[in-house]
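Each of the next two complexes has chain A plus one more chain, namely chain B in the first and chain C in the second.
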Partner chain A sequence: MEQLEKRILLALFLIALILPLFMDDYVLHIIILSCFFIMVASSWNLLAGYSGQVSFAHMALCAIGAYSSGLISTHLNLHPFLTIIIGALAASFLGLIIGVLTLRMKGSYLALTTIAFSEIIRLVLNLEYKVTNGSVGLSVPGLFGDVSSKIPYYYTALGLVCLVVFSIYKLVYSNFGLTVRSIREDETAAAAMGVKVVKHKVIVFVISSFMAGIAGGFLAHYNMLVSPELTTITQMGMVIAMAVIGGLGTFIGPIIGGLSLELISEYVKEFGNYHLMIYGLLLILVLRFSPRGIAGLLKKKSRVQNNPIIKSKGLENEVQK
Partner chain B sequence: MLSVKDVDSGYGNIQILNGLSLEARKNQLTLLIGPNGAGKSTLLKTIYGFVKTTNGTITYDGEEISSAASHTLVNRGIGFLLQRVSVFPELTVEENLKMGAWSFKRDKNRIKDRLDYMYDKFEILKTKRHEQAGLLSGGQKRILEVSRTLMSSPRMILVDEPSAGLSPKIAKEVYQVLHDLKDEGITMLMVDQNIRESIRYSDHVYVLEQGRVSSESPAADIKDNLKEVVESWLKF
Partner chain C sequence: MLKVEGLTKHFGGTKALNGVSLEVEKQEIVGIIGPNGSGKSTLLHNITGLYLPDKGNIWFEGTDITNLPIDKRARLGIGRTFQNLRLFKLLTVWENLLVPAIQLKKPKKEMEEQAAELLELVKLSHLKNEQAQNLSIGQQRLLEFIRAMMLDSKIVFLDEPTAGFHPNMIQTFIDTLQELNRRGKTFVIIEHNIPAIMEISTRLVAIAAGEVLMSGDPHSVHSNPEVVEAYLG
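Now for the complex of A and B:
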């Protein structure tokens, strides 16, 4: 990870730590939702950005985590902290099944299969109303019981984001991460090095599903409600937009994307679904001018400014043009 | 060292190799030539487990390796230099080299030794070790691919079209590198279309036609009648 990324992350973390001292519940609520999206977008980035497997089933797996946790905590009277983990395990189990079923698929074949899976989950959640309460949504216990303050949820969300992001960091910058990135670049060449390509792809699927499940479980017990809305293609599109606008295949990208797009969406909410149009426009602009997203632009700027040759000739601005 | 006996293989219902038999002798560079579609690259992929054998046996140092997975072959000391540009473009030069040491990825001392060896051998890789591999020139990419294959200290390398897409000058350098490897005791089985150049570095030549060996001879014997050999392919 580059120095600039480290500085941005540290600054964001320090601001986040003291934010509840200055901000009201509404702002904290938005940041909590941003944390949820950062977790989902980062875990999707691990799958799509680092291993090259573009899956559209991520929000469905997130919903599996949310519903599993919600149902288990309601019916078995277990604490949500425990059921969130069980829910995440359920999501990763389904991730394993999808991973195995789609292990030789790439590109549009993988995308279509995962869309189909996502739709099946959405339909089941809608139709099995005796269990899931259908489109009305399932009421689930709060993570902190009847506590109405946002602060415990805020710090839990912050802790979970740190945990997810740190785990991704350790993975990406390990031998495992190097292997996964090489698979993204060239599967055949990776196999020629002796890499067990299929096994690694499935493992990434399982890990990212687990993280999506954690995020889903947390959201369910924060909202005290979980509905099939979570599995819609619109929600999946939002997560993809966050990762791509922030910077696909970059570590900090989904964090910037999740935070900024959730903030934008809150402030343009009064225009109804027009916020999706803004996402779309942003996505087109980013793909046209900076395929590596906002993080890509930051990296480029940092490299130009730190290049001794460019620096010595005072050409920073010229190169950036 | 490597023996292919009566091997059939292909893609789905399309059979490419038809009872092909040949041998790659220890410390020699064995060259496979033949017209397009003769099955040269398919043979290398079959040996490396990328294409399954449907019949026949492949043995390496007396042990059968027919349809063995590529990771098993890497562990046994066989490397594969692919035909097309296969560097990992967004990884740095050093990360590419580390991927070549994947079979002993936890042995940091050994990886360091191998990296030092490669940097001594190919100065350019040391200079560019923190640069993205995708930014290297065509020749530098090929050198990186060769070095990456060598990271696992293979005793044998399957080489597929080493000069494809390279300028004649760079191609010559690559051949020289391969020739030096042979002198270091590495056995090679090489497919190449650039016959005039590659035959100069070879010890033994097999001519493949329609998925089987049509003739074989020491490289020295075929050097003088290359024209006739190539002309005979035009019949197919």
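Now for the complex of A and C:
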């Protein structure tokens, strides 16, 4: 990770730590939702950006985590902290099944198969009314019981984001992560270098599904409600937009994307579904001018500023053009 | 060390390999020549595991590897490069070298020392932190070559390793290859650069229309009328 990225992350973390001292519940609510999206976008980025598996089933797996946790905590009277983990395990189990079923698939084949899976999950959640309460949504217990303050949820969200993001960081920059990145670059060449391609791809699918399940479980017990809305293609599109606009295949990208797009979304939501047009427009602009997203721009700026030759000749502005 | 017997491979109605048999001894440098479409690369793909043959068998150090997947063959010590470069382009030169070593679960220090030494040999040490895609074609070929060596490969198949080389680089490549050969490595090289392959190889195998035409001393194979005929049509 580049120095500039580290500084940005540290600054964001420090600001986040003291934010509840200055901000009202509404702002905390938006940041909590941002944390949810950062977790989902980061875990999707692990799958798509680092291992090259573009899946559209991520929000469906997130919903599996949410519903499993909600149902278990309701019916078995277990604490949500425990059921969130059980829900995440359920999501990773389904992730394992999808991962195994789509082993040999790439590109549009993988995308279509995962869209089909996502639609099946959405339909089951809508139709199995007796279990899921259908499109109305399932009421689930709060993570902190009847506590109405946002602050415990805020710090839990912050803690979970740190945990997920730190785990991804450790994973990506480990030997396992390097192997996974080589698969993204060229599966055949990776196999010719001794890489067990299938095994690594499935493991990444399972890990990212677990993280999506954690995010889903947390959201369910924060909202005290979980609905099939979570599995719509619109929601999946938002997560993809966050990862891509932030910078696909970069560590900081989904964090910037999740935070900034959720903030933008709050300001433009009065336009109803038109806010998706703004996402679309942003996506087109970013892909046109910086295919590696906002993080790509930061990397370029950082490299230019740290290049001793460019610095000595005072050409920073010229090169950045 | 390597024994190939009656290897046959079809692509639709085309017979790319027609009962090819070949043996390679330890520490040999075997050059494979032949016109375009003669089956050289198909032979290489079958031996390294990218394709599975329709008929025939392949033994490596006494083990039948005919149906082993490519990654298992690689971990057994069969390395390769590709005719069309297949580097991990967005990874750095250094990371490209570590990927194969990681699969062998080598200690960190050992793999770093090995990578540094190989970079030194091909004179690319100064580029270790550069993304592979930023290297020239010749440098990329050298990188792909030493990446295959990071597998501790006992035998390495090189598919047109000097294509796109600056003349200066050919010597670096030959020196490195011969140094590694002195240390016990075995090489099988497909090459159209005849002067280079004549200089490097200890034995030449000529292939045409999916069959081995001749195998033997490089000069006698190269000057054989049948081989000349196959090349020139």
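Following the convention adopted for this analysis, the second predicted complex is superposed on the first by the 321 of 321 C-alpha atoms of A that agree within 3 Å, B and C clash if a C-alpha of one lies under 4 Å from a C-alpha of the other, contacts with A are read in each partner's own complex, and residues count from 1 in each chain.
Heads up, the rule we're going with is that a residue touches a chain if its C-beta (ideal position, glycine included) is under 8 Å from a C-beta of that chain, and two chains touch if they have at least 3 such contacts.
None of these values were measured; they are calculated from a predicted model.
Trainee: Quick check on the superposition: with chain A as the shared anchor, is it clash or fit for chain B versus chain C?
Mentor: They clash: once the shared chain is superposed, the two partners overlap in space.
Trainee: In the superposed arrangement, which partner chain does A:L263 touch: chain B (first), chain C (second), both, or neither?
Mentor: neither
Trainee: In the overlay, answer first, second, both or neither for which of chain B and chain C A:L178 touches.
Mentor: Both partners, chain B and chain C.
Trainee: Using the superposition on chain A described above, determine whether A:G194 touches chain B (first), chain C (second), both, or neither.
Mentor: The answer is both, since A:G194 touches chain B and chain C.
Trainee: According to the stated criteria, A:I233 is in contact with first (chain B), second (chain C), both, or neither; which is it?
Mentor: neither
Trainee: Under the stated touch criterion, which partner chain does A:D186 make contact with: chain B (first), chain C (second), both, or neither?
Mentor: Touch status of A:D186: both partners.
Trainee: Shared contact residues on chain A for chain B and chain C?
Mentor: Shared contact residues on chain A (touching chain B in one complex, chain C in the other): 175, 178-179, 181-182, 185-186, 188-196, 249.
Trainee: For the complex, which residues does chain A have touching chain B?
Mentor: 175, 178-179, 181-182, 185-186, 188-196, 249
Trainee: Within their complex, state which residues of chain B touch chain A.
Mentor: Residue list for chain B touching chain A: 48, 50, 69-71, 73-75, 79-80, 82, 86-91, 95, 98-100, 102-103, 105-106, 148-149, 152.
Trainee: Could you please specify the touching residues of chain A with respect to chain C in the complex?
Mentor: Touch list, chain A to chain C: 175, 178-179, 181-182, 185-186, 188-197, 249.
Trainee: Which residues, counting only chain C, touch chain A once they are in their complex?
Mentor: Going by the criterion above, the answer is residues 48, 50, 69-71, 74-75, 79-80, 82, 86-91, 95-96, 98-100, 102-104, 147-148, 150-151.
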